[in-house]
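Some notes on the structure that comes next.
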Amino acid sequence: MDMGILAQHLFNGLMLGMVYAMIAVGFSLFFGVLDVIKFSHGDVVSVGAFAALGGASAIGLLVDMPGLSLLFGLLAAIAVGGLAGVVIGGTLVLPLRNAPPVNVLLVTLMAGTILREAIRLGVPNGGNPKPFPVLLPQWQITAGSFSIGFDSVLILIAGIGIILATHLLITRTRIGLAIRAVAQDVDVARLAGIDFRRTVLGTFALGSALASVAGLMLGLYYREVNFSMGLVLGVIGFAAAVVGGLGSLLGPILGGFLFAFVQTLVTIVLPTASAYKDVVAFGVVIALIGLFPTGLIAERSSERV
Amino acid sequence: KDTVKIAFIGPLTGGSAAAGVGGRNSALLAVQQRNADPAAKYTYDLVVLDDECKPNVGVQVATKAASDRAITAGITHYCSAVGIATVDTYAKFKLPVVVWGAILPEITYGNDYKQIHRVNGTMINEGRLAAKFLTEQGAKTFVVIHDTTDYGKGQNKYFSEFLKPTGGEIVATFPVSPDQQDFTAELTRIKELKPDYVFVGGLTPLGVRVRSQMDRLGIDAHMAGVSGIMTSGFIEGAAQSSEGTVSFHNGAPLSRYASGQAFSDAYAKAGFREDPDAYGPFAYSAANLIMDAVEKVGPDRAKITEVLNGTKGYKALVGEINFDNHRQNIVDANVYVVQDGKWVYWPDSDYGTGKRKLAGK
Amino acid sequence: MSTGEIPGPRQLSVKAVSSGYDRADVLKQVSIEVVPGAVTCILGANGAGKSTLIRTVLGLNRVRTGEVRFGETVLNDMPTHKIVALGIGVIPEGNRVLPRMSVVENLQVGGLLQSDTRKVAARMEEMFAIFPRLKERRSQLAGTLSGGERSMLSIARGLMTEPELVVIDEPSLGLSPLFVSEVFNIVRRLKESGMTILLVEQNVRQTLDVADHGYVLLQGRVVASGTTAALREDTELHRAYFGVH
Amino acid sequence: MRSTNLDAAIATGAPPQARSLPGTAAAILVPLAAFGALAGLLQVHEQWETGLLVLAFLAALVLLDRSRAGRSLAEACRTQSGIASTSAVLAALALLWTFREDHYSLLMVATVALYAVAGVGLNIQMAFGGIANFAAAAFFSIGAYTAAVLAGHTGLPHLLVLAAGGVVSALIGVVMLLPVLRTRGHYVALVTIAFGVLLRTLLEVNDTFGGPQGMKIPGFAPFGSDFGDVATIAGFDVSFYLPYALAAAALFALAFLAGRMLERSWVGIAMDAVRTDEIAASAFGLSPARWKATAFLTGNVLIGVAGALYGMMNGFVNPNGAGFGESLIMLSIIVLGGLGNFWGAIVAGAVIIILPEKLQSIQEYRLLIFAVVVIAILRFRPGGILPRPLRTLGRQQGGAS
Amino acid sequence: MTALLACSGLTKRFGGLVALDGLDFAVAQGETIGLVGPNGSGKTTFFNVLTGLYSPTSGAASLDAVDIFGKSPQSIGRAGVARTFQRCRLMLDQTVFDNIALGVLRAKPLGLLSTLFRRGRLRADLDATIARAHQLACRFNPQLGAALFRPAGDLTMIDRRRVEICRALIANPRLLLLDEPSAGMTPDETRRLMDDLLAFREEAPHLAVVLVEHEMDVIRRVSDRCVVLNFGRKIFEGLFDAMIEDREVQTAYLGSGQ
């Protein structure tokens, strides 16, 4: 295999890993504040992609300025995704705070179904894939058999930037401190002057906006979006978040890249068995959990007797 | 007039909903037209059921339709997995059905049930034509990407089988999951292999993704697909990169059918929100075939079965319908190509007439 | 809260308040006054409603009837985080800590209302000076601390904002005799520095030693109140507390 | 056996309450009403009728919860569970007999019953053992595949085939035990999700068990004669789905009884203890691994048996049925029904399986409506339709104990 | 008196922290030991190591000459050690009876088959255990006895502690470990709890008890002997009166107030 192809694989893997990581980080934020699995997370990715599509196309109709379209697409994704997060958090998750966690899971699952179906039924011909406009410069970077779009590089950098920014927000700022405090003891957090509702909803908005922006990036990268795109991504994002370890935000990032790495590796090494890549990837996940019961970046035990 | 109930079953929710809704609209159109026809002896009522493209749900709704004595016949299934799972049910309840979209050969050829008919062709036709046509175009090396459902696996099977005698060579086969999003790993491998054609055995989403991502990675092979990608959704989804994609579909273009234009106009006038999709015309034809049988012998399942079994030279939207001894319509597959944002019948296209050449190598 | 001119010490007053959990009222028409700059204690047997009273003052339980005021501000229906932002530090019952955070992070959470990070750091050092044990354990997850260490952390966290009023619910729970004395010393020092203190305790003797005023709760009602000197003699206190029937 | 007042007081922790006539009537009537509603749901065709029924159902839930009369009704059913269960059994039989010729309704009822059997298994795993199993449909399908192989290719008697479905499902569950036992919470959820996706993909990609098309399964023929050939019973014309529905109901009754007996025994307490507090449980000599494994494997046996019968009833099995989406449906049933309540699985099964079918007339909007209904129920009854009651034991077991 | 529990050189490290430092500890049958020490001196850790919840770093421990060092909690529990926890560990959603019954589960037939098919025996066994739990609960608080089938979460703090003690007692242990049972109680409640315990001791003369307490009155009343820990080491062992006179104990633990 020549270097170009190798580099190409590496880049593909990084890109895929970045997408997984972004979704995984969102999952782990939700575990973080309320210890819930929010199963509508994958569908928020689709919602974000369609919101961005709508925002960008609307501007595209008015003026032909890709930069402006992109900006509006981004704003639309953040606004709609954040809103979806706030609505789901405020009307479904918070009221069920004291119910068993699986109930929250089921409710968010249904919320995901509603989002998904709403896209399918609300967007004209929503059942079909939609092209995503080209909003980034089309330059191609070619070196031997290695060839990628300049836009892909931008997307990758932006994605990694966003993930790192989130990580810093959670670990280094007062907001992050408040979010983590709410997760552990609501009363204590309140007594420390933290606005519980706002913190939780803010986190939901943040996590959902992240997923939503991931949707936008997927659109930019694959140039195609569809109403069910979030379904599989949701499952993989969840797997990545958990196998990486829910104790820290680095876990999901690691998990995301690991998952992408395994999938890519299977396709490279065993091309004819590439259909087995999910079998292998999920097999690896099971084995890893067996070896690292609380994720690769293990949770520090805080339990006492 | 008495009312006769006919069932329509297809996927109305989930990933294949676009095709299902297109089929439903088309069948509905046929019924509306018939009900508006004063010469019709009966009023028809289309009972629409959603099989969700899930076999177990399919069996449930098939049972519902088949065990309802008021239902006389059925226009059934787009998804092969569901189509094959329900044949026993229809046979058991002796409900005559006409399959309108599922193309797995076994649905008709895998049993001897008198109740099961099919107006659309099978993937055998498509595979045979694909192998023949592509090698005739001078292609020698192929890579196949197919999904792991019955549909994709079948397409792969027949294409490879028919390709062997032509001397074409498949340099790699990638089975993939139908909901896979990212194909860059597979396509990078393909880039290394430099095939003449990438043959996609899958549905529109798969086709769109492969096509767009081929572009992205700068792969200059041609792409060919099967009827699963022959939708407006493919062109819409893959946008510019769809140009020059070849597909094989066992129906002729509407414009080639005698009443094709009339159908398009009526469909547009009826005000449906969704396209008829690739198999809409088959659903429409199946509906008419059944209603004509009812007109002839009345709403009696056994008699209708008999009439349907003997269908020969029936003039339908999709051309003449002739059932063979497995009640499978004999249809020829046709070649289509995307030209300027439309699926164009190959012989009519600039590519077919030699005015343009397919881009790439 | 530390912005603007420093207001004079405010008075916390609870007037004829009833509140409780989902079913019947736990507190029935309770009235208390917390005198600025003094230590006011609330005594009463288990389940008398002391913690409920504190939760109600802090907005964790809803005031059903009556009124709670802090200075001029009516606290009824005000959310907890706004109430504490008025300058109230809380040391809740049951040495609650944030288990998956380190000792330092717990203290930082306590200092969230203080936006000046340098002040937070300085205050933390003061707390470490009082509880050297916490300094030794500074990066240990709070969940793994021993029972007494948690108590210390909980106390330190409540004092992080240098509040005007400190509300303390059973701070000595699980502390060794040495530390129980230490806690009462802290209370004394806080009072000397001008803070107002509302103290709930089971340790009657030492509580009466530090407190200026007190109230005795019995089944959700105030059955005795007054200066601690007077309370010492009160038969109601003995009845409610020592079970002398 | 009448208990003395003092015993009753000990037993219930409440003032002694005599078994009153109105109470008994309630215990008889509530199950009747519930099955009546189910019959109604099966009967209705019009969309507005379905809507009305759903509204009535929601209203009944609210009344049961918020009104005094409703609470005493619920209490009556709880304290006289023996009478209530008997009434339910009779009502179920009456329902089946009423619909004896209606293939479709019987198929739906049988499906609900078999999903409820799986629901009992899943409840044992999740509500008792505390193991979140997100691969129930995978194990259900393993049962069906086992039936396909054994009934289709060997002469094994079909009752043994059913049992084998359970055993194989449990054996494959053993593979997952190591990671499941080593961890908990979300991590267990992930292990099972991963297993479900893995199994489904494997079945589809690999052609050993029929690939994507799956396998055909012969009809259930426990005593030599195929259920599929039954056309009359005692001179009445019946659907061949009637014996299936009866078998499914019988299976549910067995699973229910077994589950109940486990719950009301030392085993039930042990599982609850291990689930709620592993540390305290192990300090008192219980082995968490043992009880988690027991719950998981017992549950799998039930899920597998149900899957085997379901496969034989449907006549085929394919990888689709093993997917994550299907597992979530099963999970939804027990969560919506109320974790740990076996009757809940029936009620929620009706909601989750029959309701979407009844909403067929609104076609592509039905998933949307369905999702809204489920959310509405959980939003206002966070514990599910029938939350798990406190354990009753020994002398305290009222009714037919 | 033969030693029931004998530990020597018991050590437990958490990373760099030595929570137990070569502790020698012996309890004779029927003896009650008051275990005290400053906060964080390793008392609870000692219990946790003894019951197998924490694996010890080094040392030796045996119960009635049977080695229990490093054994699993289950096997140590079965060997006859029962305990309460410093932070209440009850199943709050389950009934009081379920909580108490946890204490005897290990002695019950737990086979699935016997559970399903020997219902008669099971029911008799259940009834007997309910009666026993009721009797135990009533001796602490008659109202607790009446609340046997109410969720444990409904109980007051003191009743929850009582349930924990009942759960430990019903197990018929040979060694009972109590970790600050009186924490959060009023002096009166503490006194009543100790009365109850002492009364129980009368009936079970062979039962050995190790009691962790910060309340010196309690220690004085119930303990035969005291052990004082500091930084995981034993700094005193002997009678109560000697203890409160001990200088080291005073500076490390009691403070000048006592």
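A few comments on the model shown:
The letters A, B, C, D and E name the chains in turn, as written, and every chain counts its residues from 1.
Going forward, contacts are C-beta pairs under 8 Å (C-beta built on N, C-alpha and C of every residue); 3 or more make two chains touch, one makes a residue touch a chain.
Bear in mind the structure is a predicted one, so any value in this text is a computation, not a measurement.
Shared contact partners of chain B and chain E, listed by label, are A, D.
Should one ask which of D-E and C-E has more C-beta pairs in contact, the pair is D-E. With centres defined by CA atoms alone, the chain at the far end from chain C is B. In this assembly, the chain whose C-alpha centre lies farthest from chain A is E. Taking each chain's centre as the average of its CA atoms, chain A and chain E sit 49 Å apart. Note: centroid distance chain C to chain D, computed from Cα atoms, is 50 Å. Inter-chain centre distance (chain A to chain D, centres taken as mean C-alpha positions): 34 Å. If you average the CA atoms of chain B and of chain C, the two centres end up 74 Å from each other.
Shared interface positions of chain E, defined as residues touching 2 or more other chains, are 44, 53, 85-87, 89. Within chain C, contacts with two or more other chains are made by residues 144-145. Shared contact sites, meaning residues of chain A that touch two or more other chains, fall at 117, 120, 275, 278, 303-305. Which chains touch which is summed up as A-B, A-C, A-D, A-E, B-D, C-E, D-E. Residues of chain E touching chain C in their complex: 14, 36-40, 44-45, 86-87, 156-158, 180, 183-189, 192, 214, 216, 252-258. By the touch rule above, chain D contacts chain A in their complex via residues 126, 132, 176, 178-179, 182-183, 186-187, 189-191, 193-195, 197-198, 201-202, 205, 279, 324, 328, 331-332, 335-336, 339, 364-365, 367-368, 370-372, 374-375, 378-379, 382-384.
Those residues of chain C that touch chain E in the complex are listed here as 45-47, 94, 133, 137, 144-149, 151-152, 170, 173-182, 202, 204, 241-243. Residues 174, 177-178, 180-181, 183-185, 187-196, 247, 299-304 of chain A touch chain C in their complex.
Note for the complex: chain A touches chain B at residues 1-2, 5, 8-9, 12-13, 15-16, 19, 117, 120, 124-125, 127-131, 140, 142, 145, 147-149, 152, 218, 221-224, 226, 228-229, 231-233, 263-264, 267-268, 271-272, 274-275, 278.
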